[in-house]
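The same chain A turns up in both complexes below, where it pairs with chain B and then with chain C.
Now for the complex of A and B:
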């Protein structure tokens, strides 16, 4: 079974990192400038598609998306 | 006491000579923004005063005095000259908000070259279009952005140097790349500045229009005269202030007021190079005791969304004056800021082409929440009829904002695009392309753009550019791009797309197309929503009618559809 942390981290690295910056499960994504607020929309869409969930806009905050760990916590809330 | 004092008195007695006298400038003298922002402040006895406090996302902090930035800008200018960069050569700054961006900007100006700042989130296509238009000779960037430059390098024979400010010495440089470490470079104390005058070109900022490619807005060193005084009177910068302009110098606010206005006034300014979070922003204000805060409606609405409780965790009592720019500031945001910060954000209106604030609310003036305020003294602004371009004689009528040309920071041209430049002037008025009305007390009230350009989070996005990028995706047959309402960003990009045979609309394809545009153009230009449709509304001559799609998104009347082709 796929590990959610690995899936999310791999997606972030492939989609949002241009150079060899290392991304761990705790790396600040939004406050660290890796994912900007506009790009958060595509990251949210990826999570919704991948896990067949719907994340309410008011829960998709910069704080909730600020690391792979925080994203996984959020996603788990919406997986049935 | 605010610097502007009585607005009415200032209007009555205004002369740009006020600014020139304060700057010690006389008509015909040399004027160089780089010198005025560094050397001059040192000569005024403030060499040891803090000029820049920079904080990175990892909590790293760097501090520079005015003497430090004087030497650093000399050092950068010296290095550029050693590469053969000369006056009027275009040098692109393609960096996050790191110190080298701010110092590089002034270093470029000191040698008489033209600074071309570009938003570092631009994708390779957006970057290429702008570098090609300017025939840029050198680009200063970070290693994280070098892959984007390498990707398009073969198409850019004119680009001679790629200067990397944080190169890892263990990694090899490639063709045309050169490493430059500002901290390790020998400091240049005495520097022979290139002599520039009022009309010498200084900055090339790119802005988007409805059709065609982005336009390079050319500014000159004489723009300082407007930028200095508007920063002083509107942002009310005093010697003891700690100033924070949240704008990125990839856009005009970040240079006019994030560099020129701040440093020419000799204040201490703070820069936070980190993504947005309400906690982090409030912490930053508390830590550095920010007194003057110049931000944007998008950021203010994001702070509103984060709630009032988070504000209470921090001591924000240092804040004295708040201002906003980028898009109209809604009245709710003005009222909210008054409630939580004890003072309202004052809306300021201007654009890349005007180079400085032209219509605004002033310290001490009665604020009408939701209004843009009044024209800056010495800049005559009004509203004209959309057809005749004659000023209205009655208040309350909606028309086009029109400004009498002639203030010092007005753009001098669009780079290699004289034809489009001339179209911006009608009947002796400069027409910014925004609709507004003026009330019976002379306050301007923003209504909307007069074209299809999308203002998302204060940044202009051309629907044409996004449509062109969409058509490069293998699945897209046709596209139409409009804005749709958004609480935080005022409006965001929405795309209507028809697919080529063999492609089926799906959630996966939707995401793939979004990311395709994001990487090619920028996150701002990425459609936040894609609607797959069977056909697009067109005129009988085959032109896509964006107007109809826009009206549907905004719940407006569709209007005349007599030219619409039959199904």
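Now for the complex of A and C:
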């Protein structure tokens, strides 16, 4: 079975990283300038499609999306 | 008094912080009309220095063209100085509508609406035509004014990697369920001088039923065989749903902008765009000047042809001298220096040699991509460019960067 952390990290790297910046599960994504708040929407939609969930807009905050670990914690809340 | 010493001190600290970070912007006073040859007071209080300007958006050399100046004078005499009203109350003259029709004809669009600036056009257009059920998908390097317009709009927003068509397609697939999708790009990207692949983008928009938006501010008047813009260069005239552009660059350089495109979308702007509804439009003398500009450009391609030749000469000269340039064929020719301080030092060195060109560094361009952005004009004669080239070579030798690769320059000066 796919590891959620690996899936999310791979998506973040492919989607947002355009140089050799290393992304770990704790790397600050938004506060660290890797993901701008504008581009968060594709990450949210990717997670919703991938895990067949719906994340309310008021829960998809920059803080909740600020690392792979935090994203996975959020997603797990909405997986049945 | 509400403006207390505490408040003053707070702002002073912020401004000092900008100075300490090297981000404090200074104006240089030009005492002559905008042209290839200008007279500059810099630093403030010093005597005037005659220099060659190679950093203006005066691509077609029309900013001080005698026919344009004369037309503006005549417009001032015939239609007055200002309107003292927004368009829909009593601020529309015959010449405003005439200019809108001329722009539509020039760009090959259905209709056009004028805005006080292209900044205003970009700020107003998205909110006027989109709702929260829609999605805006923009290139990651679009101009700041587009980003502001996107921020003001309730539609969902996503981005695609710069000029990456596969990534754009994945975003069009991801957002297939939105009511409307609109793909947003600059025609010519102002910092790198590269062009959007509008033929591929138009095809993708057709495939996924998306609208296509292009800001052609750094293209209108000179890109494409007859200067109609990036859509002409890529053979997609009539396939762009919204074009915004400015009259503050190639098209006379004064002020004003517009939204041009599908007539229903233009009408939506006329009904709902806030910078149009709540601000005076372009002043009559400027309208008259832009009308003359479009008459000149519709009659002959002489100026854009000269600009193309000048650009070829300039790019070839810099390349042969051994500078690192950004690839491209537009009049925006960035000379890459990578290091911020080096870009400032080279700019200062050029000024001492009588060449006015500005160094750009982070945050205007990405970290480690500092450069001198040179911009060529049809107002330049070959002797201007030869003198500028000599100055670049002299300063380049001083800093030992001629013939050096990106890596070598970074090794010498750092990022």
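FYI, the second predicted complex is superposed on the first by the 80 of 80 C-alpha atoms of A that agree within 3 Å, B and C clash if a C-alpha of one lies under 4 Å from a C-alpha of the other, contacts with A are read in each partner's own complex, and residues count from 1 in each chain.
Criterion: contacts are C-beta pairs under 8 Å (C-beta built on N, C-alpha and C of every residue); 3 or more make two chains touch, one makes a residue touch a chain.
Note that the structure is predicted; figures quoted are calculated from it, not measured.
Trainee: Let me test your reading of the model: by the given contact rule, A:42 touches which partner, first (chain B), second (chain C), both or neither?
Mentor: Both: A:42 reaches chain B and chain C.
Trainee: According to the stated criteria, A:22 is in contact with first (chain B), second (chain C), both, or neither; which is it?
Mentor: Neither partner.
Trainee: Compare chain B and chain C by how many residues of chain A each one touches, and report the one with more.
Mentor: Per-residue touch count on chain A favours B.
Trainee: Applying the document's definition of touch, where does A:32 land relative to chain B and chain C: first, second, both, or neither?
Mentor: Only chain B is touched by A:32; chain C is not.
Trainee: Does chain B (first) or chain C (second) touch A:2, or do both, or does neither?
Mentor: Neither partner.
Trainee: Could you give the residue numbers on chain A that contact chain B in one complex and chain C in the other?
Mentor: The overlap between the chain B and chain C interfaces on chain A comprises residues 18, 36, 38-39, 41-42, 45-46, 49.
Trainee: Give the list of chain B residues in touch with chain A in this complex.
Mentor: Those in contact with chain A are residues 57-58, 96, 121, 143-148, 273-280, 302, 305-306, 456-457, 488, 507-508, 510-511, 514-515, 518, 523-524, 526, 528.
Trainee: Using the touch definition from the top, list the residues of chain A that touch chain C in their complex.
Mentor: Residues 18, 36, 38-39, 41-42, 45-46, 49.
Trainee: Which chain C residues qualify as touching chain A in the complex?
Mentor: Where chain C meets chain A, its residues are 140, 147, 150, 156-159, 161, 171, 174-175.
Trainee: Considering the complex alone, what residue numbers of chain A touch chain B?
Mentor: 15, 18-19, 21, 28-39, 41-42, 45-46, 48-49, 58, 61-63, 66
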